[in-house]
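These notes open a run of structures that come right after.
In the two assemblies presented below, chain A is common to both, partnered first by chain B and then by chain C.
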Partner chain A sequence: MSAFRRDKKEEEEGSGNPFQNIEKTTVLQETRTFNDTPVNPRKCTHILTKILYLLNQGEQLSTTEATEAFFAMTKLFQSRDVILRRMVYLGIKELSAIAEDLIIVTSSLTKDMTGKEDLYRAAAIRALCSITDVTTLQGIERYMKQAIVDRNSAVSSAALVSSLHLTKIAGDVVKRWVNEVQEAVNSDSVMVQYHALGVLYHIRKSDRLAVNKLVAKLSHMSLKSPYAVCMLIRIACKLLEDEDSSGGGSSDSPLFEFIESCLRHKSEMVIYEAAHAIVNLRRTTSRELAPAVSVLQLFCSSPKPTLRFAAVRTLNKVAMSHPEAVTACNLDLENLITDSNRSVATLAITTLLKTGAESSVDRLMKQIASFVSEISDEFKIVVVQAIRALCLKFPRKHSVLMNFLSAMLRDEGGLEYKASIADTIITIIEENPEAKETGLAHLCEFIEDCEHTSLAVRILHLLGKEGPRTKQPSRYIRFIYNRVILENAPVRAAAVAAMAQFGAACPDLLPNIQVLLARCQMDTDDEVRDRATYYYSILETQDKPLANHYIVEGLQVSIPSLERALHQYTMNPTDVPFDMKCVPLAAVPSEEIVNPSAKGGQADGMLISAASSGSKVLAVAATVSREESYAEKLRSVPELVAFGPLFRSSEPVELTESETEYVVRCIKHSFPQHLVLQFDCVNTLSDQLLENVRVEVETPTGYQLVQEIPCPRLSYSETGTAYLVFQFPEELGATVGTFNATLKFLVKDCDPATGLPDSDEGYDDEYMLEDFEVTLGDQIQKVTKANFGAAWEEAGATHCELADTYSLSNMGTLEEAVKNIISFLGMQPVERSDRIPEGKSSHTLLLAGVFRGGYEILVQVKLALAAAVTMQLTVRSTNPEVAELVTSAVG
Partner chain B sequence: MAILDNDGNRILAKYYDKNVFATAKEQKAFEKNLFNKTHRANAEIIMLDGLTCVYRSNVDLFFYVMGSSHENELILMSVLNCLYDAVSQILRKNVEKRVVLENLDIVMLAMDEICDGGIVMEADSSALVQRVALRTDDIPLGEQTVAQV
Partner chain C sequence: MGFWDKLVNLLGLKKKEVNILVVGLNNSGKSTIINHFKNEEEKLPEIVPTVGFNVEKFKNRNVGFTAFDMSGQGRYRDLWEHYYKDCQGVVFVIDSSDRLRLVVVREELDLLLQHPDISGRRFPVLFFANKMDVRDALSSVKIAAGLGLERILDKPWHICASNALTGEGLQEGVEWLTQQVREVVSNRS
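Here is the complex of A and B:
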């Protein structure tokens, strides 16, 4: 035997890697050796190793090959060699995914698992559990229970970990083992304790109360295993988060106390986990942060790079939300800037950038520049984000930062990295008018050689929007036209659209643009040609309002519903031209969720031909709005189809406390002439079955109840929906009012386990709901105006105007007033007029919207701050009644 | 968890999350990338493709342990230390590529014992070595004495 080994070794000296030249087929041939009697363990182990090595290198076995190898392997159970047996287990596990008929080894494995040899037992359990399914599991359940409480820690651990994996396929079976697992938690072995806790948590995780109890009990027990404590901290955090989201929870809850006490644990791992947990809790206050930060500060000076890395990374996170809390660590962080580990150094610098003062910015930037090329893309993104935050904080430093960013843009990097830089520059441009020209220049330079189509499209769109308003629009034309010559079709199309924007906004450039557009009409791509022709003909009319409508403003309907409407239109041949008005308007996504690439895509949508450029697909996915999903739902109710397209849906309003017997939420849907109230009801009582659930509403005068659609059946923890349909009053002034609602239903007592009613008889019951209001905002859809000034001028001629002055005595600041006005009117602030420059005592807020029925509304609000806020409101609308409603509603 | 050689090629690697690097090709690409980032600077920890990776090298071998970026770095480190120490004990301190390949079977068993389906099984290297049941008896006498001095 040793001769064999030596021979092998000599071979290896030459080739270097004994496994280098093996082939799948030869190895599979060799498995025949497994059939020899008596088994030669040495040789078989070697062959088995080869198979495993092959699998590990990513070699694929077919099902037959795997099954054959597997059957050959089963022969090896005859041998009593420890290593060979263990390798067989490993082989079984590896092949379990591909081979068939694995069940035949169950009995051999069961024998090993219950046998005397401890070395076999643990591994046998794990191998066995990897091949069992729900049906065979019943057979070995008894052995598993025994194994969990086995005295040998390895066996117990193996059983516990396997049960954890089994919860995925047979959760119910594992639940029955809860007593054994409970016992294992008290084990002396550290790993057993950890694994048992894991299993216990998984068994109980759906039951919040039980988890709460578990954590409360164990946090007093002082677990031995640091892993278990870490796990416990995570569970506690999750509970805390849940508590927070459901409203309750105070800072001195026992859970939080437990986490805090872990900061004084003797294991570094636990200390870090606790600090990390505190930092990541959403509602942590600076006072609670202080102990965690001081622990992390200590870690910063640790000799271990990992510890330093962990600490700095967490501090970096703290700096985002509570920069002042980290200031204490600034000195330690300064020392880490020169750390040999680039990751640590980068994180330290970016943290300092977030916490530091304006004066240190230049120095830190120089430091980063020295090694930015050495770090990975992930970290570059971190750096970029830090710079973005910095730019917003210190607008005066923009030139330094902008230069740095443009240098980074020129470097090598992936799409995500480039996108984050471009994003940052775009934000800076939007926030800081001084930086606009330089920023645009950098972006122009960037698209000169940008290999990412989506980015180029976005930047071109931005150029089209911002370029015409700069001092020298003509200089951007060259950059944009270069794209038309050099790039692929989507970019060319975007460039054409951008050029048209210039043409519409700058009359002196118009002749040149027309020449360029005419040239684009020769393009090889349909989309580009279409766009060029479209813009060319619009611009040729020299009609300002027309150009405004079709080039600058873009399309404001929601794209999926437009698609659907057009599809329907083409299905039924008619002579009537397609009416754009019947397509619901797209809701303007709120600032936080707006996806920058969607912005670019939306503008592309102004084309009449439905092109399928990549960015557009993205945009459609991102802008499927709240209305869309509701419209989809409402369409499925046949009674509601007759009322026309959905105009606007409100946010859900809670009509009950969240913890009551029945939870009801109301969503107000406005249709052109009708109001549909959608009541989503949840039954939280497991012993009741509700039938004929409906909501009765005391209607304000003027409203007429048209239809009532009750929810026929509502069983435990299900959500059911009842609808009420009203006709809006003729007089617009009466549309704003309060509704008092009562939930009425038939209760049948039922068995909590099965959900079947005890008897057929039930009794009527009712439940008071909170009042809710239908406001002006519910009837107005937000729209954006890219060029409010032009639209306002135009409206001055065609629309009626109403103006009034109000004094808002209960509002102390302009910000507050602006926020309230926007939420009250439910209109879209345009041209970023909702942001108030600091230190101003007057402000003009511009709002745009469309009233149900398609009446356009433009509102200009002039605010002045003296002792209280004074407001002058001017409304221009196509419908005088609507204008009156808006002015009267505000008062 | 991965062991790579000094050209960035895989010796052994095991991925436990099917959602991350589902195919062998992606895995190898990631390993190559990881190796390029790490083989020069001896910095112990790095973030790559949204994963936190801790690593350690010896002669011509690189040991890596990867985890999600939310994972406790110190736990990953303890796993790495366990892996390294266990391999080092199994190979009697000759942590080299050639020796690893000679004892690949035992190293495979050790990796299997450290982690099962993504759950840490054992983090104490001596307990681990005991479990994989190294046979000391059938190593040739001469080699045994040299190695164990």
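Here is the complex of A and C:
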């Protein structure tokens, strides 16, 4: 039997892919055939197929190559062979991103799109739109309008989908097609209706009122297309979410009613979409959840595997937020454990793990173990995530689960899978001190044989951080040093850094560490040698504060800014040593940024994009601190360069309601001595052109206006920026206070269609804005401390200290107090002290930050809960005035 | 070539296919001229300025013409040359009422004739002095002189005055072209 199978496999491979051996240069040469007259359609079609194949395999063409192939392809328009022509369209589309002078086929495509041959029309539209830019779009506009309302549904759909793509390059032009699109929404074709709704929503989406009306109208119309209904559900959800986040949501919203009514739709797709929507809405209560869950429950026993999969996958997600709601489906889920589709089975088990009791864990884990090798990495990650949740829920089970994880860690698997296991182990270690030693031991074992450099580096870093604080630090040294002997350069460098941590924190290990570091100074790699030398020299001094600053805590500045500052320093030769204080600090990535599923993804996507499951590692790499992205923008304003490096930027503060004539938001930028207020203004009136737009503010006393940069011109729907620069008051106590703001500008009435002013004359006008505060937090940058205890102790000797006791009468819980203090002071909670173990009545919160000008602040907050929360606050800072400001700000 | 083919060729019975390139400044009437030659059912109801090019087919006396009708707008003229190599005839259209741009026409014509893919090759070049109906239009003789057509020695050429709106003069031109194409083909065999 097995022999037979192998034969069959070989046979398949043999008959395999006819394009396997083709090669770019040969194929490009063959395109010369396109110039032959008469055209040989069969031959040319075959060559085009090869080009498309290559491009889809990721083969790169240079601009010249692509342009040559493209022009050769244009000759094929003389053939009337339908298949060939459609291949040409595909070729044009594929090359449109690379080749030049694409415009040459415009007339030919316009002719095909409006011609009699139906087989050409839709495809020609798609090709045409892929080569069109803003300048040529005008020329084809009327054909597009006609095509959108064409009787042929393929043509209409193609035009609609292309319109959607065109909004990226010419949103305003597409907006003018709204009447045609509206007509297409009434189409009998399910696809046309769906696509038309997509375009219509896209045109309207920035206007919430219009979208609301759209949904209200269409939800009563009973759309024919189930796809369109699904989209309508998604739009309704987005509106609901927006309503909720702006606080205006009511529980009996007609939008929610509409979604709920879709649970009784005749199409399964719509029913699922509605259930999925209800389950994912943040506002959904357990009572509202019930009908959605029972629909999913029904799907669990559907004969269609896709429905079973969709249902169990959704239930799996609900199980995290509302485990009790899913318990009702436990029986159905148990049945799915033996589903022949392993993906369904995995999801069923992991759902049960989330909802089940502690007693069922062992049984379910055994069941997973029986087929874990049969499922793909993606589903293994689902299993890992379930285990992570279990560990947090049942801390006592950590040894069973940890063993399971380490077995998985030893199996084959890709980076993402392995990283998720390592992540989980790390989380468990952090959450559960009892699991720490076992967890570290598993990780040590894992790096002995780990093929993923990035993962090994991460684990070594963790060992360096956690190892020195365990009962027996010396046992980790061997594992770490082994890496120095056996691994590639990046891993060796990480190992050197990890060893240095032990040297800095464990005096009794220091002599041994120095011996090892000395050996590493002979390494073949520059980076490894440099690090070894660096750490060796610092440790050699036996200077504890020095080691604290340069080994335990590491760099706190933003690396891109450091690079820029160093570059500038080397450009102008000088005897003054480089001053680290002039480099902006790196903002500590907040949880929100780390987890992209929270916000980011949704705004840009056409609709509510599914929560992304991007792993933590990747997300961190992609974040740029808020300051860095603003600094980039501020650097482009020449007037602002003189004020030194940007220290901290605030979150944007809205100074207007969202649906007013002018929308203004303010971002407060702190520089060492200056406060720069950035006002982003949007003009939402299509019949007004604004000029000389500026904001006037009344400041607390002590602020001095240094510079005003107005926005010269602000036309309809554009965003313009005006700046104000103030010198901070000398006395720090005067820096916090309220600012009253007024928007001032010159109005020129204009024609809404063209945006051109009716006359050169304008009139002055102003608009009241809301007040805003400049706070202590605006002047403090968050920093982390890897070892707060050491830093605090050291600061006791070098910093000044202020302490005070307060009673926080308006706060009822420790959590609330911690949250408020953190947001008020704008400092970074360190050593996870922002988490309060359950059932505690006292807690110590540790905060770290730097005040503009480079003054370090460390804060220790002791909280105790009696009738109200009492708080003892101790501040240590390098600047007494700053310490005073912190204590007085809290009071 | 067999006897029978030769005979067919001599009698001009065999269907010949040629590619011709239609060039000239924008608004000179190229697309209108080509549209005139097409079958009734294939004619376009309206002519708009060409962007890039269009391929059109028509027949005259058993010769099938595939015409690449190029756009004459300034920024597209550089793209003509991509189609020089495989043409077996050029139709050059001039707006005879546009005295102002006659120098531009001459410049473009010179560039065309000096192009490596054109110079030294022998194929017919047909000039239409179009829009003869417009008052003040230059005569075909004046245009020939203005463009210095007498300098073209290595190619057979011919100029006729035309009115693409009525079709006047167009047939004469295309008859000449058909004749030339036949000669070239039978000379080659």
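Things to note:
Criterion: the second predicted complex is superposed on the first by the 587 of 891 C-alpha atoms of A that agree within 3 Å, B and C clash if a C-alpha of one lies under 4 Å from a C-alpha of the other, contacts with A are read in each partner's own complex, and residues count from 1 in each chain.
What we mean here is this: contacts are C-beta pairs under 8 Å (C-beta built on N, C-alpha and C of every residue); 3 or more make two chains touch, one makes a residue touch a chain.
Given the structure is predicted, the values throughout are model-derived calculations rather than measurements.
In the superposition on chain A, contact is made by A:191 with chain B only, not with chain C.
Using the contact criterion defined above for the overlaid structures, shared-chain residue A:139 touches chain C, although it does not reach chain B. Here chain B and chain C are compared by how many residues of chain A each touches, and B touches more.
After overlaying the two complexes on the shared chain, residue contacts for A:305 are found with chain B alone; chain C is out of touch. Applying the stated contact rule after C-alpha superposition, one finds that A:75 touches chain C and leaves chain B untouched.
By the touch criterion defined above, A:638 lies against neither chain B nor chain C after alignment on the C-alpha atoms of chain A. Of the two partner chains, chain C is the only one touched by A:107; chain B is not. Those residues of chain B that touch chain A in the complex are listed here as 10, 12-14, 23-25, 27-28, 37, 41, 43-50, 54, 72-78, 97-98, 101-102, 104-106, 108-109, 112, 116-117, 119-123, 131-133, 135, 138, 140. Considering their complex, residues 1-2, 5-6, 9, 12, 16-19, 45-46, 48-49, 52-53, 56-58, 82-83, 86-87, 90, 93, 119, 122-123, 126, 154, 157-158, 161-162, 164-165, 191, 194-195, 198, 227, 230, 268-269, 272-273, 276, 304-307, 309-310, 313, 340-344, 374, 376, 378-379 of chain A touch chain B. On the chain A side of its complex with chain C, the touching residues are 35-38, 71, 74-75, 77-78, 101, 103-108, 110-111, 136, 139.
Residues 17, 19, 44, 50-55, 57, 66, 68, 71, 76, 79, 82-83, 85-86 of chain C touch chain A in their complex.
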